[in-house]
Structures are given as structure tokens and as C-alpha cells.
Amino acid sequence: MGFAGLSLYSQAVLLFAGLIALTSFLMLGQSRLVRLVLVFAVQGMLLAATTAMVAGVLDFPHLYISAGLSFLLKGILIPVMLHRLIHRLGLHRELDTIEHPARVTMGGAFLMVFSYYVSLPVVAHSPLVTLNAIAVSLAVVLLGMLLMITRRQAVAHVVGFMSIENGLFFAAVVSTYGMPMVVELGVAADVLVAAVVFGVFFFQIRESIDSLDVDRLSKLSEADKS
Amino acid sequence: MAWLMAIFQTLLFIGLAPLLAGWIKRVKCRLQNRKAPSLFQPYRDLRKLYRKRPIVPHPASWIFRAAPYIVFASTVLAAATVPLVAIHLPTARVADVIVLVGFFALGRTFLVLAGMDIGTTFGGMGSSREMTISSLAEPAMLMAVFTLAMSAHTTNLSQAVNFVLDSGLVLRPSFVFAMGGLILVAIAETGRIPVDNPATHLELTMIHEAMILEYSGRWLALIEWASQIKLMLYGVLIANIFFPWGIAETFTLNALGMGLGMIVLKLAVLAVMLALSEVLFAKMRIFRVQEYLSFAYLLSVLGMLSHIILEAAR
Amino acid sequence: MALFLAGISVLAALLSGLAALAAGPNGPLRQGMPGWMEKPLFRILRENGRPAPGRFSRLARTIPFLLLGVSGGFSVAAGIIALLGGTTRTATLPLGLPWLNWHLALDPLAGFFFCVLGIPLIAASLFGPDYVREFECGKHTLSVLGLFTGLFVAGMELVLLADDAFLFMIAWELMSVASYFLVAYQHENAANRRAAFLYLLMAEIGAIAIILAFGVLAAFGGGLIFEELRNASPNPAWSSIAFVLALAGFGMKAGLVPLHTWLPEAHPAAPSHISALMSGVMLKIAVYGFIRFAFDLLSSVLWQWGVVVLLIGSASAVLGILYALQQQNLKRLLAYSSVENVGIIFTALGLALIFQSSGQSQLGTLGLVAALLHALNHALFKSLLFLGAGAILHQTHEQSLENMGGLIHRVPKLAALFLVGTLSIAALPPFNGFVSEWLFFQTALQAGSIQSGILRSLIPTASAVLALTSALAATCFVKVYGVAFLGLSRSRHIARARDVHHPGMLAGLALLAICCVLFGVLPTPLINALGALTQSLTGFVLPNISALGWLWLTPVAPEVAAYSPALVLLGTVAVGWLCYYLLYRRTGLEPRRAEPWDCGFGGLTARTQYTSGAFSMPIRRIFEPVFDTRETIEEQTEGPANTRVTKLRYQFQVLDRAWLVLYEPSGRAVTRLARWVGRLQTGNIRTYLGYSFFTLIVLLWVVS
Amino acid sequence: MIAAYLILLIPLAGMAILGLMADSRRAGRINIRCNAWALAASIWLAVDVLVRGPRLSSGQMLYIDSFNVYLVVLTAFVGLTTSIFSGPYMAHEEETGRVNARRLRLYHSMYQGFMLAMYLVLTTNNMGVLWVAMEGATLATVLLVSLYRTPESVEAAWKYFILCGVGIALALFGTVLLYFAAEQKLGVGGNALLWTVLHENAGALEPTIMRLAFVFLLVGYGTKIGLVPLHNWLPDAHSEGPTPMSAILSGLLLNDALYAVVRCKMLVDGSLGTDMAGYLMMGFGLLSFLVAALFLHRQTDIKRLFSYSSIEHMGLMTFAFGVGSSWATFAALFHMTTHSLTKSAIFVTVGHAAQLAGTQRMDRIRGLILTQPAIGWGLLIGTVAIAGFPPFGVFASEFLVLVATMRDYPWLTPLLLVGIGVAFAGLFRHLHPVVYGDIPENQKPISANLMGVMIHLALVLWLGLSIPGFLGNWFSQATQLISGASPL
């Protein structure tokens, strides 16, 4: 059956999936930190929305909580915090241009395809939706890593890290309708603490190398010093 | 009876050795158109030395004094194991041919130690050269006798000679090699030309003489005598191993007489050959000796291999 | 019974280590010793009062060595009982892995090696107390020395007792580690540290090789107990792999060429009584391991193995002695000659393997007996020589032959004992070294009875090499004795050396010397005692070893070969005495002292006599390609046109070729590889993220 | 099961109290006390399990079987000894002015936090909670790594955080997939992540998904184990943080990460029925083993040196678990114990040595044995033990690994041989000048408490000589559990 044959719910899920993947791509191409954080916030909200929708349609009440959590954390708290930090550290003017953006986007596309290819075997045992969901979230995870690899700004790394988490959550929500409550809470707490610690680190790094360019954090290496 | 025979033969060995030396000297003089000393000159020399009061150099230790006796004793024991006029000797059971080589080594070792005991340059030089030469010559000799031992399936000299006798006239290629090796070794070990020159006292060419330079009186006599016995011993080895015919297999009187005559004859012939070679060849440089000896070593090993490959092949 | 005694000896060794620890400067024995036992103890030890805390009392020296002596005595007793009893006692200790307790066993083979271990141990424990006195003021505590000596000995004894691979390896490694600490004992000079490092590295690699060899058998036998390993029947390929691994592992410990380089470094570095144990005994433990593996555990034997062992053995023999000839440091020289002797032992073992595999069990047994006998003899005279070197070191603080000379006038007793060792190791009749070489030649001469022509021509060649080796060995040790003990002393402190007046030292040396002569003169009873051993290993007993009575040694048959050392000794003494009597007593001419002939240049000095380097120079010339010789000549000239040479300085050193071809390249390779790998860790976090990323991608792609 | 809860509650309370405590001395003492109590509780738990077998808590939240019970005791023990050592150490650091009271407070409370995370990782029955605890361990230690605020330490902490964070995130994805696979069979619900439940019907889990899941879990937790090429954070974090932290990281964190991987492997093996997981682990283990062995040769910093040796040993254990035969598994379990005991002891001595010389650069640390024999010998003996020499316990496991490998994958043994040789050379070429030789002038003996080191080494020695019966039983049962075959 074609896409039109799917239930409205599935279509919506897939739509959200596409949107989230899109936001990941946007982040990949984004060179200004401020906008990067903005897009990240959008992604967080999309995730929250998806969660809420799943909760509503298939009525998993505990998913509302996780929806709220991710809305608060990923949609509001962390972006705002990052935004603040960026301004306090005076990075809002800073451009984090990536070499060969074209190649990076190409790579992203390849990752998309690759994650489909990887999650194909799953198709046999689960509805199309889940397959796509898993594929997309895998893609988002990989894209997040790619983002971290290509960026030199510590903030960008944080964003990439968080977007990886977003990808995970999307998978968790759509494929398994959320994790057990304990885990949800634990993960949320971890994310929160992680965000705080990141904040602390920005200042520590700043005071040690007075910039946030991670390429300059390369004292500890095994390669020949000479 | 057998033991008596052995002892008698040993005494014969000891007694005849100077004679052989005298004979060689005589033949050599003749060949060089010099007036020859009497055949018994070596005996006279020994007697003279025996009478003289020996001199001990100051740095010498007891080794210096003990060495001559040990050298002489080991040489005599070596002589006791070699069948001179008769085989089936009981002594051949006490010490076989490997032990024979061992006896030579023992004597040599003490001679060398005595040479180093005084601390003169000559002593050290002679000792170093002697050990160098012997360390190449000894394995060559071992290999030569091993060739015999392997074909005779025994290292017991009497048995081996007996085996050669019994097997009659067999043209063994291995024996040719072995004999060549043994002859070369004999020349080197007894310090004859072209390896060493017993007659010279020119410092830089001495080997044997350099070691015994400090000896005098009865000790010198013992050492000289021992070296004469050694020379004769090698002669007897070559003669009786490779041409054993005529040697007494029983202890009857005429057999023994026959054996005695034969061995004297053989030794005389060998001595003439030795003298000839000494007249014809010149002494070589000390560092050419190694080539000479390694040739001897090669010959003996070849002899052994040829025995393994050509003769014992099944 | 025997096993019990052996256990006691192990315990005694461990106790001696603990005692040394306890008797240390602040050990319980020194601090918290109640008065009532202190007084008599000190009175026994002829020591007035408690010594200053820093220093070591005679207590700390004596008790550990006492216990070591006890251990040695018990191990000899256990060995003899096990050897003569001919039965195998086994036991298990509740130690080790849950499913694999420690299995102990004492069979004739182990018993024999217990004897090999015990005699030098007794000698060393007699020698030790006076020897280590010079250490007690040093910066290194005696208790460390004593502790690791005890562990070392215990390890060796446990190796002999082990009956499963696990315990065997534990004991083996314990032996290695303890001896490593002993090598590193005087670690303030860098050479010792380097030696210790090299030694432990080689020991580690060798041990892993042995473990893997056991592993092969365990894979087929299903267990790690020797009984299960015996029942393992791997196919020829696998058993060959196991054999090669074992040969590499044990050969590395035994110091076979080209894995020998650690040996001349490590053995001299240790204190002399330890060097004696290492060179005299530890190498024999390696030999034991090899025999145990090749003749006992491996079910079948291939002739190719024998050939390999034969070749490696003879190579080690000749190279070892050639290098030994070029050494100027006495202890290094002795260590190299250990390489030679181990080479001889392995050559004999190779013969035994060849004969075994070609069905000639009796000849195989003969070769085995020759190897065992030489192991025992080498243990005796090498310990004697090392202890002698230690005594020289103790008296003169001198190791280099170039500075010795004339010691026979300074230390006559030591000189006499050392002479015995020299003559034995030079394989001269009627000493013990000669017997084993004679047996080896007798074995080799039976090569004609082998079918395959290759082997028949190979064995004589090997024996030719061995003949060369023994001649060179004679040269080498004549040089040692002549340069060290005879002639004029080459340095002042040698000229002022005091005689050895420590009864313990002399007793230790004398014990070994007596054994050398005894086993040289009466080898036949000894060889008869090996019957049970060979029965258990090759299923064969030499039938007519004493066909002509106990005076004679007739390995194959009376008419084939016979040798009676006792009669030889008798004859030599008789003839010698006769000459002496006739020539001296009759004439009564007293010799006259005079100056030696000095070519008229008034007065001989030590500078004019041959040095050890000069003595071995012809050999160095002849065997040029073997050595890696570095010669330097510095000369200062002056006068018109610098014609007159005022000062001439010549020095040469002979290096081991194995370094250049094997060790340095591998070391460089590791360093280069490490540098190359080091580039991976750039220090840039994005690279690291890239690694994780690509690892993930690759894995996903692999699994799906 | 009260004991299990106690084990979790004590450090929780400790974390809270120490977070509020200003006086660093007393904080140190309280830290020790908490660990002591935790150890007591763990021993109680151990006895409980010994008597009554595997225990499942009422809420099915905690699960103690023979696999993790001894790890709990080990964790508590190492935590205790290390905290005892950290008292004088941190005091010395404070005197030298490298840390101030505020950071010390952070240090002490985070110490307890880390212990809590470790206990939770071990005792929990829920794979999700396990993940949470693992992440918590990272968060607890990451600020300790940058405790000294030197540029290097900040850099190290950042790398540690980012790399482990990403890795852990991947592990979470793996957990999600696991949950997904489980849900297919067990239906939506809380207990689909409980290890006991999963293990019961591992055979029913969907292989294709499990395969993906294991890849993510391996890469994720493998980052924490320090498997090459995911190891890059490890040497930095070990060398730059305070030494007690290096000790517990090396001794506990790596072990627990490996524990998590093994738990997952058990599930995957049950579901796949192939050796896929085993092969992956063997590959990673061998690679880490060899590469780390090579890295040992290039070190100049003594703590980096031993952290690489930790990587090497972790690689060996992973390899052994991958081989999966009963002997190999037993060896790996045994090695986990001996390695963490020995390595933590080594780090303690290393810390003292570094303080004694005032630097971590090995070319400045010389002649320890003559300077302060206790430290010198401790370091030397510890290194001998870790290098796998008997009669210490590490030897037994290396022996078994070698034999087992020879039995199952003989062609891999040359690599092991070379690896062990290279690693040994790398360790000792650096160690020799450090412990041996004469005293350099700038070194003075310091006050050091080496009782812990002695106890650790004595334990390792004892384990090497004979494994006590109950421990042997636990090992054997765990082996039975993991490899499905008993070594006995």
C-alpha cells in the first residue's frame, strides 16, 4: 500500500520524522552559533510535539510527562542557557565556518541512505512506521556525530551531542512508545546535569585557552612532538 | 702374560724413541751433505741433561716443577695403549683412541701452563701458538681416528688393527683421506717443519722451544724424551693402523720378533720420508699454519664422510 | 619418602628467604628477639651483643645459608632415593585453580636433577656466608639478597616437582623473577640494570612460548596435568609446533644460540654464588624441562626434531666457546662457556632424539645418558669455577683477566682447587668433563647403524664440530688459568692479594672439586644408577655398561670401546712418581733459583708478558668472520715530522653478532611501529570523534 | 536484600553530607567511614548471596547473582582502600596548594557519587537504569578530572566528557533498540528492560534488531572500557586527574563497563545463537591489547604509562570474554578481580612516587628503592604482578587465556605472544630507571601510608596461590552463566 494508505497517525509521525531530519540537516549546514542553537530548539520542540502526539493518539499517559520534560529541557532550558552562554562568552558574532560544506551535506545524505540500509532488516518484523522512525532517528544520531566532527566550536559540540539525544528520544518514543518511567527520569536528570556541566566547562576552557576552539585543545597527544 | 707384554712393549717404546730421533737427524744430515752425528747421540744428550743441576726461574710455581713429570707420564701412558709389535694388549682396554688424544691434550696443557708460569714473553707466545695449532690439529686427529673407528666399529686400537688385518687388503678411499690428515696432524703436533722447527731458537719462529725455553737439567731431559716418544708414537700409529701387516697377533717369540722387525722397518721408512719432506719444504709463517691445519681437518672429515657415503652405504 | 624429603627441601629454601627477611636490619628477628634466646644465639655465633641496627649481624648471614644448605642436603637425599628407587611418587596440594590443584611428582628424572641441584647448592651455602660479608656494609640490604635467593632455589625445586603445566609454569616463572631480582641486586650501575631487563624480557617471552607448547598438548589432551598431556596424541604437524615452541622456550632459558645474548649479560651481574647457581643449576633446570617435554610428554618423536636440536646445539657449542675465548672479564667468559656446554648437552640430546626416532633405542639411551652426565658435570665444574671467580673477586675486587696474574703465589689453595675445575672443563682425562665427552663421541660413532644416509653423514659432522669445540675449550681455559694464576701479577692490588682464609669458602670449593675428581674417576656406578631413569624415559637400560666390572666403562660393548679412568689415574701417578723417584731422589740434585732469560734487557716486567687478549689473538684471526671486532689504535707522536711515537693506546672489543642480526633490528622495529601508531592519537578531539563515528559505521555495515 | 539497598543508600547519604561539609580533614575521614560501611554492607550481601543464592529484590529493581556479587565486594573494597590513601594524598595536595577547600569538598562528595553510580551499575536489574548509572559515573568523575584546573586537566576533562558522552548516547540507542526488540515479544510495559526477564526469553528476541543493538552497546560501553580506537579519553583522564581518581577509574569504572558489555553479550548470544558478539569482542580486545602495548613504549608520564597498561589488560579481558570458552571466561572474570586490585595498588604507589619527586615525568623520578624502599618496592612488585608474573594472580588468568586461545583459535596466539612481550618491554624499560639506581639530590622521603598497597598485593598473591572456595564457586557459576559451560 502507498503512503496515502497509511493511517493519519502514521503520516503525521513520518512527517515529524522528516522535519526532525530536516532540522538536523539545517544544523549541519548552519555556521552561526546563534542560529544553530535556534534550530536545535526547534528540533527539541518537534520532538516534544511528536511525543505529545503519540501520547495523545495511542494514549500513553506517561508519555505526556516525557513530552513535557523534553519540551522544557530541549526546547526551552538548554537552548536558552546556550544562548545566554554564547552571549556572555561573546561568541554570537563568531562564525564557525566548515570547510567543504558541500561534501558535509553530501555525507549527511549518504548517512541518511546508510541508516535506511542498516535498519532494513527490521522491516520484516514491524510496521513501516517504526522502520522509518528508527531509520530517521539513526540518521539523526549519525548526523549529530557528523556535526560534532565538522565543528570546531565547543558550543557546536554541545548542540551536536544534544541532537544525538534528540534522535534517541525520537526512536524511543516512536518505536517503543517511550522508555520505562525510571529510565525516562534518569535520562532527563542526566541530560540536565550534563547541560550544567557543559556550562561549567565552557568557562574552564575559556580561562585555560581563552577561546572555545577545540582544535586548540591538543596538548595531550602521542604523536611526535617534534 | 699379556700385562707383562704390554709393559715390555711400553718400555720398548720408551727405549726406541731416541733412536728414531737420532735416525731422523742422521738421514737429514746425509741429505744435507753434513757430517752426521752418531745414531745414539740423543741418548747421550739425555744422559748429560740428567746429570746437570736444573735451574728454576724466580717466578715459577709448583706447576713448573710438576709439568715435566705429568707430560712424560701422559706420553708414556699414551704409548702404552698403542700396539707396537703386538695386538690384543690389555692396556688398549684401559684407554681407547679417544683417551689417547686426551693424553696428548693433558700433556700439552701442562706444558703450556708451564710455559706461561714464568711470565716471559716467549712462554706466552709459545703457549698461545701451541694452543692455537693444537686446537685445530686435535679435532683433525680425532676425525682421522674416527674414520678408522667407524669402519672398524671400535675405538679400541688393538681391535681396530686386528680388524684391518682380518679384512685383508681392502682399498678404502676413506683410509687414504684419513692417513693424509693424520700425517699432516702428526707433523704439526710433533713440531716438525713446515709447522715448527725443533732445531731453531730464533725467537719469533719458535713454538715448542719457546715454551720449554726455561727448562734445564732433568726436566728438559724428560720433556725432550717425551716429545721423541710422541714423534715415534705418531709414526707407529700411521704405520700400524694403515699398514698393520707383520704385527704379532700371538705372543710367540718369533711372531714378536717378526713384529719388531717389521715395525722398525716401517718406522725407518717413515723417518726417511719425514726427513725428505723436511729437507724439501721450508717453514711457513705462523698464520699460514691455519690453512695447513684446516686442510688436514678437511681431509679427515672428508675421510669420514667418504666412509659414510661410499663404504657403509646400504 | 623421597617426595617428603623434597618437600622439606623446598620449605627449607622458602624459610631461608623468610629468615633473611626477618634477620634484616629492622626485621623481627633483630628487633623483637627475647633476651633468653638472644644470648645463646649470639654466643653460638661468636658475636658480642646486638650489632648496630644498620649493619647486619652474622645472624643475618648465617641462618639463611644454613637453611639453604639444609635444603640442598635434603634435595640430594631425595634425589638419590628417587633415582635408586626408580618409582614415581605423586601428591596434590590444595592450592592453585579450583579445578586444578597443584600436582607434585618425583620420578627418577626429577630425582637426578635434584642431585644436580643439591650439590652446587650445598657448596654455595658453604661459600656464601663469608662471601656476602662484603655486601653488608653496602647500600643494598642483605635481606633482599637472602629472600630472593631462597625464592629462587624454591622455584627451581618446585619446577622439578611439578606434575601439571600450571604449577610448572608458576615455579618456572618464580625462578625467573627471583633470579631477575638477584641480577638487579647491585643496580647502581647501569649495565646490571640493562642485563636484568634483557634477562627478564627473554624469560617472559620464553615462558609464553612454553605455555603455548603446553597449550597445544592441553588442546589435544584435554587437561593440564602431565598425565593428560602424555595421553595427548597430536598429529605430527601440531606436535612439531609444540616441540618447536618448547625448544624455543627452554632453549632461551638454557642460552642456545641465537637466544643466548641475555646469558653473558645476566650471569656475571649477579653476586658470584648466585652466578654459580644460575649457570650451574638454572640452565640444567631448563635442560630438565626440555627433556621432560621432548622425551616424556611428547608421545612420538620425529627425526627432524633431532636434526634441528643437533644443529642448534653444535652451533651454540662452537660459537659459545669462540666468544668465551675473546672475553677478558672472567665471569663473562665463564658465562659464555656455559653457552658452549649447554650446546654440547643439547647436541647429545639431538643425537638421542635421532636415534630414538630411528628405532635405535639403546643408542638413544646412550646419548641421553651422555647428555645427563654432562649436565651433572657441567653443574659441578661450572659452579666450582664461578665460586672460584667469586673468591678471586672477594680477595682482590678484580674481574678482568687483564689485571690478574701470579695469583698462584698469593692464593695457593684457591689456585689448586681452581686448577681442578679448569682441567675438568677442558675435558682432560681423568677428570669428569672428559667422561661425558667420551660418551658423546662413543654415541656419535655408532651413526653407521642408521638407515638414512643424510643422518649418517650429519652426525659425524656434528661430532667434528664438537671435537673442535672441546679443543677450543681446552685453549680457553688454559688461557684463563695461565693468565689469571700464573706468570707475574699485572696490577698492584693483585700483587697484594691476601690468601683465602675463610674455611667456608674453601670447603665449598673443595666439595665441588672432590666431586669433579670422583665422578671423573668412577663414572660407572653413577651411570648404573641412571638405569631406572632411562627405563622410565626410553624404556631401555644400558645392558653392559659395566661388563668388565665397576672399574671399566663400556657403553656399547667391551670390544667396541672401554675406558677405565681409575686405572688411567693410577698409571699416570705411578709413572710420574717413578720418574720423580728415579730422577730426583736418586740424583738428589737440588734445583737452583735464577732469573729467567730476558734477552739481556735486564729484568722482566709484567708489561712484557702475554695478555689474555694477546693469547687469544690467533684464534680471533682464524675465526675472523664470527666476531664483530672493534679495534682502535690511538698514538701520540712527536719529534721531527711526528716520527717518534711517545704514547700508544690500543683497545679492542669483541661484540656478539647476534646483537646486530637479531636484537637491535627487532628493537628498532618496535620503536618505529610505536611511533607510527602514536600518530593515530593526534590529541584533536574531532579526530577522536571521527574514530568513534567510523567504527560505528563500519560495524553497522559489517553486521547488517 | 536490605544489604543491597544499604549499599546504595550509604554513598547517597555520603554524597549529600560531604557536599555540605566544609572541613576537608573530617570530610576525608567521613569518606573513609562511608566506604567502610559500604564494604560491610557488601560483605553482608555477599554472605547473603553465598547462603541463599542469587537474589532478586522485591521491585525486581535489583538483582544480585554470582556474576556481580564479587564485583560489588571488590568495588567496595577498592573504594575503601583508595579513600584511605586519598586522605594523606589530598592533604599533601592541599598543602602544595594545587587544590583549595571548595574543590576538596567537590572531590569528596563526587567520590561518593561515583561509588553510588558504580554500585548502581552493578546491582541494578534494569538495563536502562544501568545506562543512567553509567552516565552518572561519567558526570561524577568529569569534574574531578579537571580538579587542578591546569590547561591539560581541563582539556582531558573535556575530551573525557565529550567522548564518553557520545559513546554513552550510542549505548542508550542500543538500549532503546533492545527495549524495542523486547517489546515485540513481551509487550509494552516496564519489565521489558529487566535483565532477568530479558535473559529468560533471550531466545525469543528478534536477532536482526539485537545485532544492531549490540553494535551500539558495544561501541557505547566500549568507549568506557577504553577499547581502541575509542580509548583516546582514557590516558588523558587518568594522567591529569588526582591519583586516587585514576585508581578508582582504572580499578572500578573500566571493570563495570566491561561488566555491562558482558551482560549485553549474554543476551545477544542467547538471541542470535552465533558467535557474532564474541568475534566483535575478540577483534576489539586484540586490537586494544596490541595497540596499547605499543603505546607503552612512547610514554614519558608515569600515570599515562599505567593507564595504557590498563587499556592493554582491558583488551585482554575483552578478548577472553570474546573467546568465550569456559577457561577463557573464568580467566577473564579472575583477571577482572586481580587487575583491579593490582592496578589500583600501583596507582597508589605511583601517586606517592609522583609526590615524592614533585613531578609525573618519569625522567625526573629516579632511584625510588633507595629513596624510599617501601614505595620503590611497592611499585616494582606491583608492576611485576601486573606484568603477569607468578605467584601473583594475574599470571593465572594470562596462563588460562593463552591455553584457551591455543585450544580454540591457535592462529591468534602469535599475536598474543608478541603483544605480551612488547607490553612487558614497554613497562619495564620505563620502570627500571625509575625504581633502580642512586638517589637524585632533589628527592626526599615523604609520609606515605602503603598499608592498602600491601593488602592489595597480598590479596593478589593469595589469589595467585589459591582461590578460596566460595570465590571459586562464584567464578565457576558466573562462567557457567556466561559461557554456558563449567570449567570444573
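By written order: A, B, C and D. Residues from 1 in each chain.
The rule we apply is simple: contacts are C-beta pairs under 8 Å (C-beta built on N, C-alpha and C of every residue); 3 or more make two chains touch, one makes a residue touch a chain.
Quick caveat: nothing in here was measured; it's all calculated off a predicted structure.
Interface comparison, A-D versus A-C: the pair with the greater number of contacting C-beta pairs is A-D. If you average the CA atoms of chain A and of chain D, the two centres end up 31 Å from each other. Centroids built from CA atoms put chain C at 69 Å from chain A. Separation between the centroids of chain B and chain D, computed from CA atoms only, is 78 Å.
If you average the Cα atoms of chain C and of chain D, the two centres end up 43 Å apart.
Residues of chain B in contact with at least two other chains: none. Shared interface positions of chain A, defined as residues touching 2 or more other chains, are 118, 121, 145, 148, 157, 214, 217-220, 222. Chain contacts: chain C has residues 675, 677-678, 680-681, 685, 689, 692, 696, 700, 704 touching two or more partner chains. By the contact rule set out at the top, the touching chain pairs are A-C, A-D, B-C, C-D.
The part of chain A that touches chain D in the complex is made up of residues 60, 118-119, 121-122, 124-126, 130, 134, 137-138, 141, 145, 148, 154, 157, 161, 164-165, 167-168, 171-172, 175-177, 179-183, 186-187, 189-190, 193-194, 197-198, 200-201, 204-205, 207-209, 214, 217-220, 222.
Put simply, chain C touches chain D in their complex at residues 94-99, 139, 165-166, 169-170, 173-174, 176-177, 184, 187-188, 190, 193, 196-197, 200-201, 204-205, 208-209, 211-212, 214-216, 218-219, 224, 670-671, 673-675, 677-678, 680-681, 685, 688-689, 691-692, 695-696, 699-700, 703-704. Chain C makes touch with chain A in their complex at residues 675, 677-686, 689-690, 692-693, 696-697, 700-701, 704. Residue ranges on chain C touching chain B, taken from their complex, read 405-406, 408-409, 415, 423, 426-429, 434, 438, 441-442, 445, 447-448, 451, 453, 456-457, 460-461, 463-464, 467-468, 470-472, 474-475, 478-479, 481-483, 486-488, 548, 552, 558-564, 567-568, 571-573, 575-576, 579-580, 583-584, 587, 589-599, 604, 606, 608-610, 614-619, 621-622. Within the complex formed with chain C, the chain D residues making contact are 158-159, 162-163, 166-167, 170, 208, 211-212, 214-216, 218-219, 223, 229-230, 232-233, 276, 280, 291, 294-295, 297-298, 369-370, 384, 387-391, 395-396, 399-400, 402-403, 405-407, 410, 413, 416-417, 420-422, 424-426, 428-429, 432-433, 436-438, 464-467, 469, 472-473, 475-476, 487-488.
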